[in-house]
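After this come two complexes, each holding subunit A, first together with subunit B and then together with subunit C.
Showing the complex of A and B:
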């Protein structure tokens, strides 16, 4: 099973790449669970799933034990049951786990987010390929929100700011819980020198080169998945990326025994 | 006046704030650019450059290592932890998350 998470600067294209990646992986007859830890669920758009304002009822959790997490799944509801009941089903049979509700008071939102974390932590690793999308910037990634992933893909545009963020994110590889493989996906590439600029600045292999594709901007404007609006060079490049990641798993990544090293 | 610029990642917050700050400075205002992002890049769009942006950020580490003293007032903070950007803007950075959390 593949477990990959996408991080990077806000607007670098994480959601577009991760959503497209999830669907293309699912087209290879793999069961795919897309997990979005951004409270503003951009990944839903690129999967072609309507954003759900209230996917998780407040009563999926109860108060946690003293000294433990604030909220835990209610008795009788485990990770598999949660996914079956509350994940959204999208095109190509991708199941999508939204990061709790989009609207509501902070404390109410926490319930769904705790449920999400517990499900991702405790789900059966043999049941799903996991494709994750993190919020922009470094905060969540540095706080260990990508622990479920073997592969952390940094989505980088050929701009100073985007490269800056990726350089900081590389520090994650120093953590004990670091994903086995921290790699770079160059996005919105227009010429060879863009890839050179990115690979010279970062100490990681560039495993995907995704060209700037006007169709993706159009899809964004129309709130459509890149796969459902004039699929072209962008989709071709993400398809190649899926192939590279699959091949890498065959070579040197052990499937973990669970999601939390 | 105090202006905060907010919006989705990639929508152009940093570029807009950088140009706003320098435009106000050019029309004669005293301007402080305050980067509140945990992943601060305002230095890049103000034009202080890559190295100076990083240097500003490393001041925080110097406090942790006792190489730099804490500043106690707003003006001290600007003096000790700020840098001069073009058009007379003074830039300072609130926070950065630099290293992953231990488990």
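Showing the complex of A and C:
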């Protein structure tokens, strides 16, 4: 099993890459849970799942014990039960859990944050390959929202701004809770020098090179997954990325025990 | 100091402050009411971006963050423009065309104004600046 989170500058293509990655991994008969920790629906579009704004009931959590988290899942509801109840089913049997769907959008998200944290912390590592999509920028990643991940993939465009954000994000590798592998996925690449520029600026291995593909822009405008609209060079490159991850990690370590699609 | 702390604490003056907030609506939800005179909501003509923009408009309205103007960025054609205008029909919408000069500037790490001050996108943003200057009296 693998737990991988995608981060990067806003607009760098994290959601397109992560959503496509999740579905292609699932097509290899892997159980995949896609988790979007952005309170706004982004990954859903890339997965090809209808956006669902219905909030989860407030009584999913209760006040936590003194000295512990402020809110905890209510008795009888564990991480597996939460996922089974509140994850959406998507194409290719991907299960999708969105943080922002937990409590509605404009109320305080504090209760949801605690529930989310507990779910990703306690979910059975043998049950799911987890593919995460973090909000653009550095804030959430720096605050440890990707603690669940074994791999943090920085999605980087060949622009100074995108590289600048990635340089900051790669400092996560120094954190106590750092993912074991911080890697780079070069996105919207047009020429070899783009990859060289990214590679020289960052001190991490570039494990994926995703070309600029007009079909992805078209898919975005149509609210479709890149897999469902003229799949071409972009999809091929993400498929290669899945292969790299699959070759690096033994995804057959344990048989899924929970909610196998 | 966070952007919300800065914007809510800076004293009144003649200095114009232009803040580029993080992607999404996180900062907007934390920004104290009435912290700014004008909120520009930048959207691309995609359902995903429009979705975020609509939520940003709602938060900015609820929190009384001044006049709200929608900036439709990377607009390629009339369909793109119509899609954005239809989604924000209660608000002013300023159109910024998709422009290879901006892409080239991004790749160089340069300002689009320094690459080509007459580029269509630069002209559109200059028009937006003039509009804001007229309407806010700056």
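Keep in mind that, in the parts below, the second predicted complex is superposed on the first by the 239 of 261 C-alpha atoms of A that agree within 3 Å, B and C clash if a C-alpha of one lies under 4 Å from a C-alpha of the other, contacts with A are read in each partner's own complex, and residues count from 1 in each chain.
By definition in this document, a contact is a pair of C-beta atoms (placed from the backbone, for glycine too) under 8 Å apart; a residue touches a chain by one contact, two chains touch by 3 or more.
Since the model is a prediction, treat every value here as computed from it, not as a measurement.
Of the two partner chains placed by the overlay, only subunit B lies in contact with A:144; subunit C stays clear of it. In the overlay built on the shared chain, the residue A:246 is in contact with neither subunit B nor subunit C. When both complexes are overlaid on chain A, the residue A:228 reaches neither subunit B nor subunit C.
Judged by the touch definition given at the top, the superposed model places A:160 against both subunit B and subunit C. When both complexes are overlaid on chain A, the residue A:136 reaches subunit B and subunit C alike. Using the contact criterion defined above for the overlaid structures, shared-chain residue A:172 touches subunit B, although it does not reach subunit C. Within the superposed three-chain model, A:220 lies in touch with subunit C and out of touch with subunit B [touch as defined at top]. Of the two partner chains placed by superposition, subunit B and subunit C are both touched by A:11.
Contact with subunit C, but none with subunit B, is seen for A:51 once the two complexes are overlaid on the shared chain.
In the superposition on chain A, the residues of subunit A touched by subunit B in one structure and by subunit C in the other are 9-11, 40, 135-137, 139, 160-161. Across the complex, subunit C is touched by residues 9-11, 15, 38-42, 45, 51, 105-106, 135-137, 139, 157-161, 194, 220-223 of subunit A. Residues 9-12, 40, 135-139, 141-144, 160-161, 164-165, 168, 171-172, 174-178 of subunit A are the ones that touch subunit B when the two sit in their complex.
Interface of subunit B with subunit A (complex): residues 8-11, 14, 37-39, 41, 44-45, 50, 53, 96-103. The part of subunit C that touches subunit A in the complex is made up of residues 22-26, 29, 44-48, 51-52, 55, 58-59, 62, 80, 83, 106-109.
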